[in-house]
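Okay, got some structures for you below.
Shared chain: chain A. Partners: chain B in the first complex, chain C in the second.
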Partner chain A sequence: MRNRFDRQLEQLNTELIEMGAMCERAIEGAVQAVLKADIDQAKETIQLDHEIDQQEHDIEGLCLKLLMQQQPVARDLRQISAALKMITDMERIGDQASDISEIVQTVDVQKFAHELDLASMADAAVRMVTESVDAYVKKDLELAHRVVAEDDIVDAHFVRIKNGLMLHIMNSECALDLLMIAKYLERIGDHAVNIAEWVEFSITGVHTSGE
Partner chain B sequence: MKKKIFWDTFVMALFGVLAAVLAVTYLMYREMYTNMEQEVRTEARFLSEAVRGEGKEYLERLDENGKHNRITLINPDGTVEYDNAAAASDMSNHLQRPEVQAAMQNGEGSDVRESDTLGEQIFYAAVLLEDGSILRVARTTDSVAGLVMIYIPYIISICIVIAGIAFLLARLLSHEIVEPINNLNLEDPLAQDIYEELSPLVSRIARQNSSIEAAMQSLKEQKEEFSAITEHMSEGLIVVDCCGLVLSINGLAKKVFDVRGDDYQNHNILRLNRSVAMQNVVETALEGHDGEGMFQRNGRTYQLLSNPVYVEEKQRGVIILLLDVTEKEAAERQRREFTANVSHELKTPLQSISGYAEILQNGMVNTEDVPRFSERIYKEAQRLIRLVEDIIQLSQLDEGPASDRKEAVPLRSLAEEVVSRLGQVAEQKEISLSVSGEETVVMGSRQILDEMIYNLCDNGIKYNQPGGHVSVNIALGESGSTVLSVQDDGIGIPEDSQSRVFERFYRVDKSRSKGRGGTGLGLSIVKHGAAFHGAQLKLESTLGEGTKISVIFPVK
Partner chain C sequence: MEKIEKTDMIEKKDKFTIGNLDLYYGDFHALKGINLNIRPNEITAFIGPSGCGKSTLLKSLNRMNDLVEGCRITGQVLLDGEDIYGDMNVNLLRKRVGMVFQKPNPFPMSIYDNIAFGPRTHGITNKAKLDEIVENSLRSAAIWDELKDRLKKSALGLSGGQQQRLCIARALAVEPEVILMDEPTSALDPISTSKIEDLAVELKDRYTIIMVTHNMQQAARISDKTAFFLLGEMVEFGETDQIFSVPKDTRTENYITGRFG
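And then the complex of A and B:
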């Protein structure tokens, strides 16, 4: 019985890692689409978002099945409930990558993106997502803490880009679109923080927001 | 087993006791019954003798003396003359009674039946008297049962005692039988004294023990062999089962994926790495095909190769090989760049030659311009030849020289020879050349050393201003090494380019390369030549002040 449960937990783990990898690919794709004004890449990212949504449904189903059939307690219960919360954040990350890709399809923001060094902000956001998934994979509490701390970097980038855009806002519609993209990246950072917090919860049983 | 032995023994003992008691009781009853019959018959005979002597009055007198068996005197016609238990007048005719009939015929008779008068099982014994009347004595058989009943409590208490003893003995017995089996040392079954009946089992266990031990040993050896191979191979190796769970991973792969301890074991491979390439190769191999992919990690490039593993025609897992191809990749890139550069460098002079030749062919050139055009063609052709020579030289150095036979080469005379060859070129550029230092002999290839000094001096002249100076110095360095240095006071090399000047076709100032001539391969030849001689290169240069390149030959 326990053996079967362990197998199912491992499957849940694997599916979560897969979903995390899909999210990483989605943001990287969206960022490349912005920096290279690559519409094909943007379309691919939007397609990937659909897959992420599907994956969220699958994982949700698996979690509910585990909760009902196995009635887990303690650490197992924490892991499953954390998984349920994490997939919501991952799904939102996918949505935001898709939103960025949609902007790329209609407006060319390449010039501003290079001028204001959107790439470093994107790098920071992608790194946060990668690290939050890594923290989950390796059950690494320290890494999870680091992700939470790294949010400040992305926030600082956002403020920097916002200030840089202020001068252009009257003259260019693109400036507003780029601001949206920066905001999406900033939100992605927040979701990565959420994921990291749920990782902490699944390890320690204490959620940061409850402290 | 212990329980079974106990219960079997105990129940058997109980059953034996019970059977013995029943048998004893039955035999006792039988014996007492026969005794009782005998007594009654004897009494009947005694009484018949007495009645013969004294008549009926004896019986009446006897009755007064106390309780006796029932005695009846029956007349020959069957009427009852006397009975000591009931009134004779009330009793029916006894003529048809079996014992009476038997007595009338044989003199004596007996019977057992339910008495009409007393309602009990009764034994009758009858004796024929001389006068034809019959004397009958009767006794209830219950008296026998009553006698037996007296003994029953004793028998039961003996039973209980015996049952108790049987219980204890059964326990002791079962314990004694089982104990040696329980204490059997299976590791070394033959070394102990054990029931004879168990010895086939024990010897079989011993045989199996040794075969298991041998199998374990060979498995262990195989495992050690396997891990020795995998741990020392220069590729990463991961074995995955058919569900994608990691079964084994060698040291190098652990290092690449930065895993510690055993926390990878029986977890999905995605835990190690979730790159698209990894997902693809695992998936492809799980579908039964060979997979290949590349991925980057920690600034290095790795190639992934995956193969499905079949055991008895059923897919059991996947083997993934991890190759570090960073250097290969870089070499590949360099080769591609080199090819592109060579094509470009070859094309440029050919283009000029072809252009000038075309103009000449069309007769569009004035006669006085022909020498100028011819000179151009000649110069470009010379440049082309030099380039091709350099490339041949380089590729020879790449392949390793045709003969690696080394000879003693006197460096100073060689340098002087090279300098005298370059004298004219230097003069044209108003640059002075000098050779200093002592004559030193190094072991090496004269031709390659010649090329090296030539290229170094040529560079010194090329990248110099009019009035400049190039000096070749041969000196003894630290711990007996020979140092050949070529110093100029030319334009120098910018710091950020210093590490790249030895690359093929690298030019510090690309826009002016043509004006200065040269192929961009000179220092590359020097580098390869130095490598052939096991020598080290040292570059010191300051922009605008000059460059000094030293070749440090190792101790002979």
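And then the complex of A and C:
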């Protein structure tokens, strides 16, 4: 029974994992560009964002095709509708990695980034994204909950970096740019939370946003 | 058509109360300990693979199984609190609980006589009264405009979809309280199917509708409650939205998502 449908759902999973991996690469690429003031790396990341946009379109098309052909119900319907919502957040993650890269192309924020350990914040944000996609693939509710909890870590990094930059803001425009970068990373954490919430919906049928 | 009193629509009591119902065809245990309450003015869908007992249960609600040899029933089916397997007159039961079948089965007579058949059986002979019943029934079945100029023509000349709506009109002509529908659209094209579905939704304000369907999307589209049957047991019963989005039982999930059946 339903071999073809199962294969299509499997393909949807594979494409989502691929999109998740692209997002991780984009964040890592953007942060490396910051830390090394590497403009080539920044350009690559912006290019990667275009590929993420394309991947979003492809997955969207696949989901719409599945809705039309299979008229899914129950967990199939939840899985497909969750996928449709998740890719919107993934696409925004790509945008934010791209925004970070744009800053790198015009301003050198390397000094502050090292001084304030932006790398740790980036690691925490990437981990959230990785885990949220993992939770989807493995249907792991506990991992999804962990992602939601980890947002506090990223938020704490943001506050720490913001406080660290306060003294410099009057004297250095770079400080404001690094604050923007930290804010983008903080938003990436929020998108990972959204993804994790859709993972929870896909597993349980309940979406706990805002609780 | 009489104006429907508001109180009829917000009637709180269950229409059918089915308690510990077991049904046997000879040695075959076709229904096993069914407990189910059916609310008035709702559409309840019975789903499940072939042979699961859903049609058997439907037919036991107006004692159609009485006609089957070797059929034995234990337990209770109450209609408005009254035991239908007790002293109730079967003809009156079937007047209160009408039925529409999978294959449209118009009688080989005129459209008018098809509709007037039931009321005549129940003793109505006044021409004006019969005219009124025929018009009201056809209107309620959303087919009056199509048929009003050919009432004297044979019902057999109608399309399948029209025949099925005629059969619904015929069921309505005796003013039932409940309409049982056994896969009412499985022999119809998509347009006719959609008309019957719209009709069912319209009719539930005035009647209680119980429908057996093999079409999952149909159950999801129009029913308020869904009951899933498997091997003679009722596995799950609940709000249709819940059954089709977050079913509680894995067997329900596997069936509605097409993993078996």
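Here is the rule we go by: the second predicted complex is superposed on the first by the 208 of 211 C-alpha atoms of A that agree within 3 Å, B and C clash if a C-alpha of one lies under 4 Å from a C-alpha of the other, contacts with A are read in each partner's own complex, and residues count from 1 in each chain.
In this section, a contact is a pair of C-beta atoms (placed from the backbone, for glycine too) under 8 Å apart; a residue touches a chain by one contact, two chains touch by 3 or more.
This structure is a prediction, so every number in the text was calculated from the model and none was measured.
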First (chain B), second (chain C), both or neither touched by A:N13: first
Which of chain B and chain C A:T106 touches, first, second, both or neither: neither
Contacts of A:Q71 with chain B and chain C, given as first, second, both or neither: second
Partner chain in contact with A:T204 - chain B first, chain C second, else both or neither: second
First (chain B), second (chain C), both or neither touched by A:F5: second
Touched partner set for A:R25, first chain B, second chain C, both or neither: first
Contact residues common to both interfaces of chain A (with chain B and with chain C): none
Chain B - residues contacting chain A, complex: 244-245, 263, 266-268, 270-271, 274-276, 279
Touch list for chain C against partner chain A, complex: 216-217, 220, 244-247, 252-253, 256-260
Touching residues (chain side chain A, partner chain C) in the complex: 1-2, 5, 71-78, 204-206
Chain B contact footprint on chain A (complex, rising order): 10, 13-14, 17-18, 20-21, 24-25, 133, 137-138
